[in-house]
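There are structures below to look over.
You will see chain A twice below: alongside chain B first, and alongside chain C after that.
Coming up: the complex of A and B.
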């Protein structure tokens, strides 16, 4: 399918050598939205969870320490920027690299918490993210081998062959695992059960945006 | 119906997710043997024929792209040549360290310090420089996370008394659970045995 059919007419490109970022109304909307959310996250403070104590009238506050707060904010901003980059990229391999960056930063955001359950599920998610390297880059490599190019502009004009469809399917599995959609949601959903809400939320938000963008890429190249 | 319910419950346990993912990925890759796979020879990022540069005795084989520094451009192809004005001019550029290594070893190109992400990586990726930046960003983030954790050691639970109490409690609870599981499976095995003997 042609790029113009999906996201509206192209309003401009950002050429970086062979990697040409392109802007159309859909991409600009996604790009600006994620940047606004990232800015909101950068200036916000974390929530403090209040737990009622059993058997008394006291309460237990679960707060995020200052050092941990700084580290998480930094990684959350990087995650937001990587998601924003993935929204406008016009190159298949570039997209997989953004995806890998988001995956590793997601683990980093929850890596400093002290809840054992959260760390356990983050470890399981890390295993998936490690496995996802094969389908993500392997899928992109198969599409490169089948067509000889990685640019989405060129791929949009090439009719789909069985090898391209297989490569796209492999990539789809990779994106599903890395962004933790069903049926792989459990490990990622358990990672949210910790204080520090706005930074935790970017994990969720990045997966949502990535899925929308990847569906668009799939429709473009197939 | 109870079988589906059990399946959903298994999906909700993070421990099972990597196994499920590996299973699905493995099945898809096995199915890939049925797909006709062939290399399209019309590639923009071409590579020399295997072993041809080795046989020619080039020190940075198989990454030699020709060209001389400030004299003649090497061979590089680009998807959009209009975006890469100086195409091929940096193909032969290497850092002084790389030059020294190239003089010492005839197998420099295949050594670990040459590629990928090594000292001659930059000369190959003139048209895809943004990818190189992202790759090193991923590495940097991994190092930032790992070093932050190593310095702060957030899982150090030997200092706080509360932590120790909690750990002991959790250990007792988990050992209780394991003991009851063992007992359950023992009982099941005994029942099976009894049924067999009854026959």
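Coming up: the complex of A and C.
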């Protein structure tokens, strides 16, 4: 499909040697939105999680220590910036790398938690993210083998061959696994039950943005 | 590999090796996945996962251009960083592990409400029916509320509660339906009605079956105290 049909008219290209960035309203909207959220997370303070206790009127407060809090804020900002990069990129190569970065930063955000069940689910999520490195990079390599390029600008003009479709579907599996959506979600849902909310939320936000952007990429190249 | 993108000076032997290397990588990954599915010890699973990561390097290296080499380096670095992070998580978890167990839906409070003994089944049925009629997120919440009332009423009346450990799985499978509906909506706009219903029913079942997770949550919270 033509690029013009999807994200609105192209506002211009930024040629950086082999890498050609192209700007259209959809990408700019997604890019600015995720940057605004990242800025909000960067200036926000962590919250203290208050849990009601069963059988009494007491409450159980779970606070996050200063050191852990700093580390998580840093990783959350990196995650936001990586997602913003994946939104604006005009290159499947860069998208793959940003996706891998988001996957590992997500593991880092939850790995500092001190609850056994959360650590357990972080471990499961990490395993899935590692396994999905294969379809993510492998799918990109198959598209490269089928067309000889990874630039979305050029992929949009090349008619889809069976191998390209197969590569794109394999890459879809990889993106789903790295960002932890539907078939691979179960462990990720557990990870949200940790104190220090704003930094955990960026995990969910980035996976939502990534799936929207990847659907657009699929439509562009197929 | 498509013949038109291969330069003339590459010998035919090398370009014909691409599919062999690709299948080789996929077979290695498959062997690794079978090993993971059979193995139960966490540390062994982690080591076998690294095998799948190595298969990724084979698949990418099979292309053999400079761009694929540029893909290999970050791939290798990401795999190494992930295996280090996960092993760190594993160590930290093992240090904190304790054995805890509690019964399903433990309730130290007595819920002595008339509504729990008069007609809870009818109310639950009504809520579930209305939830299915609504469909989507709202419907899921209403139907889930119906299931909560049913389970609570059985607990209050002292009847046995059968525990469904697979409720979380229903939630997961129905979320898959939702994702498929979402993708179909963009990829094949012709079938918008099908994808709309897939998404609505998937979301209904996902939210409604979250009650299974609430039961597990209660068990864990009680165990923590």
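Just a few scattered comments:
Just so we're on the same page, the second predicted complex is superposed on the first by the 215 of 222 C-alpha atoms of A that agree within 3 Å, B and C clash if a C-alpha of one lies under 4 Å from a C-alpha of the other, contacts with A are read in each partner's own complex, and residues count from 1 in each chain.
The rule is short, and it goes like this: contacts are C-beta pairs under 8 Å (C-beta built on N, C-alpha and C of every residue); 3 or more make two chains touch, one makes a residue touch a chain.
Everything quoted here is computed from the prediction, not taken from an experiment.
When the two structures are aligned on the shared chain, A:151 is found in touch with chain B, with no touch to chain C. Contact with chain B, but none with chain C, is seen for A:20 once the two complexes are overlaid on the shared chain. Looking at the shared chain after the overlay, A:104 reaches both chain B and chain C. After overlaying the two complexes on the shared chain, residue contacts for A:140 are found with chain C alone; chain B is out of touch. Of the two partner chains, chain B is the only one touched by A:78; chain C is not. With both structures placed on the common chain, the touch criterion links A:219 to chain C but leaves chain B unconnected. In the superposed model, A:120 lies in contact with both chain B and chain C.
The intersection of chain A residues touching chain B with those touching chain C, taken from the two complexes, comprises 93, 97, 100-101, 104, 107-108, 111, 114, 116, 119-120, 127, 131, 134, 142, 144-148, 150, 163, 183, 186.
The residues of chain B lying in touch with chain A in their complex are 11-18, 20-22, 24-25, 28-29, 32, 35-45, 78-80, 83-84, 126-131, 134-135, 137-138, 141-142, 144-145, 148-149, 152, 154-155, 170. On chain C, the positions that touch chain A within their shared complex are 1-2, 5, 18, 22, 25, 29, 33, 36, 42, 45-46, 49-50, 52-53, 55-56, 59-60, 62-63, 65, 67-68, 70-71, 74-75, 78-79, 81-83, 85-86, 88-90, 92-93, 96-98, 106-109, 168-169, 172, 175-176, 178-179, 182-183, 186-187, 213, 218, 220-222, 225.
Listed in rising order, the residues of chain A touching chain C in the complex are 51, 53-55, 60, 93, 96-97, 100-101, 103-104, 107-108, 111, 114-117, 119-120, 122-123, 126-127, 129-131, 133-134, 137-138, 140-142, 144-148, 150, 161, 163, 176, 181-183, 185-186, 189, 211, 215, 218-219. Residue ranges of chain A in contact with chain B, taken from their complex: 15-20, 67-68, 71, 74-75, 78, 91, 93-94, 97-98, 100-101, 104-105, 107-108, 111-114, 116, 119-121, 124-125, 127-128, 131, 134-135, 142, 144-151, 154, 162-163, 166, 169-170, 173, 177, 183-184, 186-187, 190.
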